[in-house]
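Both of the next two complexes hold chain A, though its partner changes from chain B to chain C.
This part shows the complex of A and B:
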């Protein structure tokens, strides 16, 4: 690094900066908007620093219910997917070698099938079973949580299986044989030797399964019935317009992610340090030594700072009251608004006087007096564009089109007949008729 | 030696599809014996071991341990313990847990297990190392832990699958004597698999030499070396000069062979071939490099060979002289280093001779490939 020319180093830094901005910028920005009191997620204009969106988030029953459903679905999906993934991976290692490739393809297929298809097929399949068994439409088999868990697990189990397969490839089957040879039963050999070897894979596949379940939308949307998960609730909310309580939720999720990532890093570093120091692992992982905890472990320091920051933020939120600042802002806003209204009224008055002096209005063909009566806009721009979507707007344009009509266009109002009636049942006859009618004109 | 348990293989065949891994093995291993299977890799010796330990069912024949037929019993029901080639120590368990695993699966309490493990750790000179993980031990220490783990199961028969092959030379020689001592101390039957003839000869009471699924000879180490039954055994165990030819005369257990390139040579007929050879048979005669020495008297005889020195090399305890006889016949002679200069110039002509009792004649057969 030291030998590299300055230009390259600057270029590298710039590139890294851009890359990380691209990667993390949106998350940081969204996190910040959670603390702005403006009612739309935005940073500029910054209004008042406030925690109100967090309160609003925790007061929003729909979101909390969605979160609860997501946690339920996630929990059961983890259990089902991890066990199915483990079973699938074990079969893969035991199966007759010639069948292995086929089996692998078969079990990987759910990953390749679109989630939407899985969602619909799960719904259709279980509805069918439900009907065949003669159960009521609100039976257990038609329950939204049950269906969502099953639907998601079909492909999440495949992810889990891939994790297990990767780990099992490094497993020495000699270990199982050694256990058997020493008198263990097959179950004991599996439980005491092979399963402990798979614990790390179980943990990582469980995390993977939970995250995949938590963020899933396209399968759950078909299977959730009345148990909407968080992603579904969020998408429903966004359709009606978003407010920063979603930013607050995002902020919390990001914080949790960072926390667990750091925690994991701390633990890994500790194990590495233990090995480097040559101490038996059991001794180091057993006792917690506070002074040595931070030694040579930057991740631990960052974790401690991070936790301290979160605790401080929560503490501040308990005492900090944005209301005074807010009311000041409100007053300012009102004053500014008042000024604007006054200016507007002033202008309106001036214009009205002008128009009365000029006489007939050029834009609407109506007198200014009539216009005021019908409540039309004072704004000339609105007059010009505002009525364009009215049902008779096209007709009003027709006079200009009459020239074209004579040049061979068959309909009097091209906008309606060319497109509007294309799919009507009488469409063809109409067209024929109009052609006949038009013929003499030509 | 203790009251070890015998192991018998009766007409055992092991086939994988069309491939015959072991052909008609008949072996009787006495209780308390240190018995080795010696052969080149791929000869089926590990297959036999897996059949004895129960990981593999023989296609035909019986396996008797202590007179009891083991066919149909799984590895966890047999009184055997296997020491794997890669040791297969459980990487996530501490050393003492590894050693006491066989007790754990029988439901022994923590205290009992720890006590027994510590006893065994004392025996293998690893006192106080029980709380380490296997990965924190050296190669030789792992080796001893694997032995302790197998012994902890109190097997009647201990099976060892080339356990020393991963160690360096010094450690390997050290572990040979250690293994032999452990075997004498515990007095159980050891079945040892190796491709290293040195290991087999130094440690074993009896050795079975295998070639491509067939057991060629079962005998003690000295007989294997001095009195091989087949051309394969003679060429696989130790170094040998091979002379091929036809029997021209048989007198008193000795025969004169009309060799293809070296003329008439006299030798002793191997015990296994006694009475089975007749004049005109295709045979091979084997003479060890160390059985050859310089002929001082210059007298013609049927145990004398004329050759030129091709090159010679110094090997510490001996000089190896590579000779070229008539028609390019290659021979090797080993002369003990007694402090005098014995490096010969290439091209020196010399007469060498041997004692007829040290030239072994066996029926012609396949040689061990180099």
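This part shows the complex of A and C:
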């Protein structure tokens, strides 16, 4: 790149930046939402920094159950697909040359077949076998874990096979021949010579198989029956309604991924350094020497920082209590709400004042009206008329009668006041309104 | 053939030989060939309750495929427009996602393949792999957070008063395309990266010395050389996007279905396995035809896939 025009180099750097923002940005944002106390995964508005979604996550039985099923499925899938992949690769190296291309196409095809198709075909095929054998619908052939393992292994074995083929290309078959010539049995030759050579490939294909099984959705959704894996539980949760405890899970998974990726990087670098320095690998991989561990190994430094960060976060989560900050926020929210309510009341008062200017109420009709209103809110059924029979409203009515003659001339419509605004149209509306509001609850 | 088998057992011994045969036989016959064949067979049967299967009502029929093309019997439209539209849109959208991914990834693959940066490139490759190990559902979930009504993008745009009301990215399928492209980006980069890495830098130097422009170098040297990688990546991304189920379920707009969602509906909601099988077969065959045609056009072999 160094000998390219400046413009292209700047463009490329910008492009790299944008590309990795697209790649990592969503994960970072999702991780951040796990720490926001708001009940919807969001960054703005930010409420309070909190760990509550992590506790909610660990208290979620369905997620834990899904995790358990995923681990079972993953375990059996790893065993089945690694052994089938290994056998497939070994057969590929020995198969009749005319058949090789067809055979290779056949065992590579599951990678290209959509997961949905594999899921359906596995389920219908084994259901048919179950039916033909006359077994009950809940026999082990129709068991969700069994079917999911078979469905996933169909294509995961192909991944494993590719890993083994890559490794076997570098295997010298003369070694096996030599062992056989020296009197080893076939099993011995395989176990002592070829298998150790394949150990690294077995490890990486097992990891690959487990991860592929763990995150599989398209196949498992058809085959899982009652045994929903973690991925399926997650998809149900995401579709029904999202909350930040899923972000919390994502955060944990991202951290684990980074940790293992860095760990692997450190090991690879160390082996490379050892070879570069001419030392036998065993010496370097054997003992743990701190200075040597970090020397010339940026990945190791990052790994150490990363682990320190995680430990610090966990420590903070034990000590940190979001409640004070939360209660402050709650208070703020309440204060804001209070202000809004006051403003609303103010406006209502003003409106009522305006109304009263038209028909001034001197005889305490207002109080009766308010009583009616509050009575209405508590007891929607009685609202409109209930308060007439209250002693208070009677009291307010009685003096009206006495003072009627005195003040009758002043008030434009004394009749309304006599009954304490009970029959004022707003009152009826209030009562009806509150009844409507309460109706669905009852 | 007999001699070959004898040779095989002489090489592996009886126990090893039989173990290999049983394992490979189980995989190829019981897991790959028979389930697909049985599903193919089932797609030509009517939908019957289990006791009547194999009974007198069980006969070969084309009604499941009929339904996809012409709709339910007595349909006035003549064609099953809804399902056919979904089918066409899925394939076109998958092709669109593939092309977007190809354009996004080619510069990165070239940069990674041709830079002798050592540590820097290793870190970049590590950063590429990390998103791939995150669950598909969680990746889609991340895009829900970003593109939702109160998502990061909408909040950001509203903060700077670029828009007044949130844009519905979900309904416009922007979230779906971004999520699908994101999900399979790595499967596009790595095949290309592996091929371009093995390209001799001297070829590029020589072309530049002889005055080839930047565009010509890519058009005449890098792209022809990287063709197997490009074909492999495109095949993977196309097949996986067309067969994706999680991302459309989580990120898809309410009015636009993905074809796999129809399959899922027939299977789970409708409980109609033969119909679901027929739809799955149609999806599989259509994808294979498209991929094989494109591979033939670009003269790429099946053996190059999966490297």
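The working rule: the second predicted complex is superposed on the first by the 323 of 442 C-alpha atoms of A that agree within 3 Å, B and C clash if a C-alpha of one lies under 4 Å from a C-alpha of the other, contacts with A are read in each partner's own complex, and residues count from 1 in each chain.
Methods note: contacts are C-beta pairs under 8 Å (C-beta built on N, C-alpha and C of every residue); 3 or more make two chains touch, one makes a residue touch a chain.
Every value quoted in this text rests on a predicted model; they were computed, and no experiment measured them.
In the three-chain model built by superposing on chain A, chain B and chain C fit together without any clash. Touch criterion met: A:185 reaches chain B and chain C at once.
Contacts of A:200 after superposition: neither chain B nor chain C is touched. By the touch criterion stated above, A:309 is placed in contact with neither chain B nor chain C.
Legend: residue contacts after superposition of the two complexes on their common chain; A:174 is shown touching chain B, with no touch to chain C. Put chain B and chain C next to each other and count what each touches on chain A; the higher total goes to C.
Following the chain A superposition, chain B and chain C show a smallest Cα-Cα distance of 9 angstrom.
Counting contacts by the rule stated earlier, residues 185 of chain A appear in both its interface with chain B and its interface with chain C. Against chain B, the residues of chain A that register as touching in their complex are 172, 174-175, 177-185, 188, 192-193, 196-197, 280-283. Taken in their complex, chain B has these residues touching chain A: 53-55, 74-76, 80-82, 84, 86, 88, 90-92, 94, 101-102, 104-106, 131-133, 136, 149-150, 153. Chain C makes touch with chain A in their complex at residues 1, 4, 8, 11-13, 15-16, 19-21, 23-24, 26-28, 31-36, 38-39, 42, 50, 53, 104, 107-108, 111, 114-115, 119, 122-124, 126-131, 133-146, 150-152, 155-156, 159, 182, 185, 214, 235-236, 239-240, 242-246, 249-250, 260, 263-264, 267, 273, 276-277, 280-281, 283-284, 287-288, 291, 302-303, 305-306. Partner chain C is touched in their complex by these residues of chain A: 1, 4, 8, 12, 15-16, 19-20, 22-27, 29-30, 33, 40-44, 83-84, 87-88, 90-91, 94, 96, 101, 104-118, 120-122, 124-126, 128, 131, 150, 153-154, 157-158, 162, 185-187, 190, 211, 214-215, 217-218, 221-222, 230-231, 234-235, 238-239, 242, 246-247, 249-250, 253-254, 257-258, 261-262, 265, 298-299.
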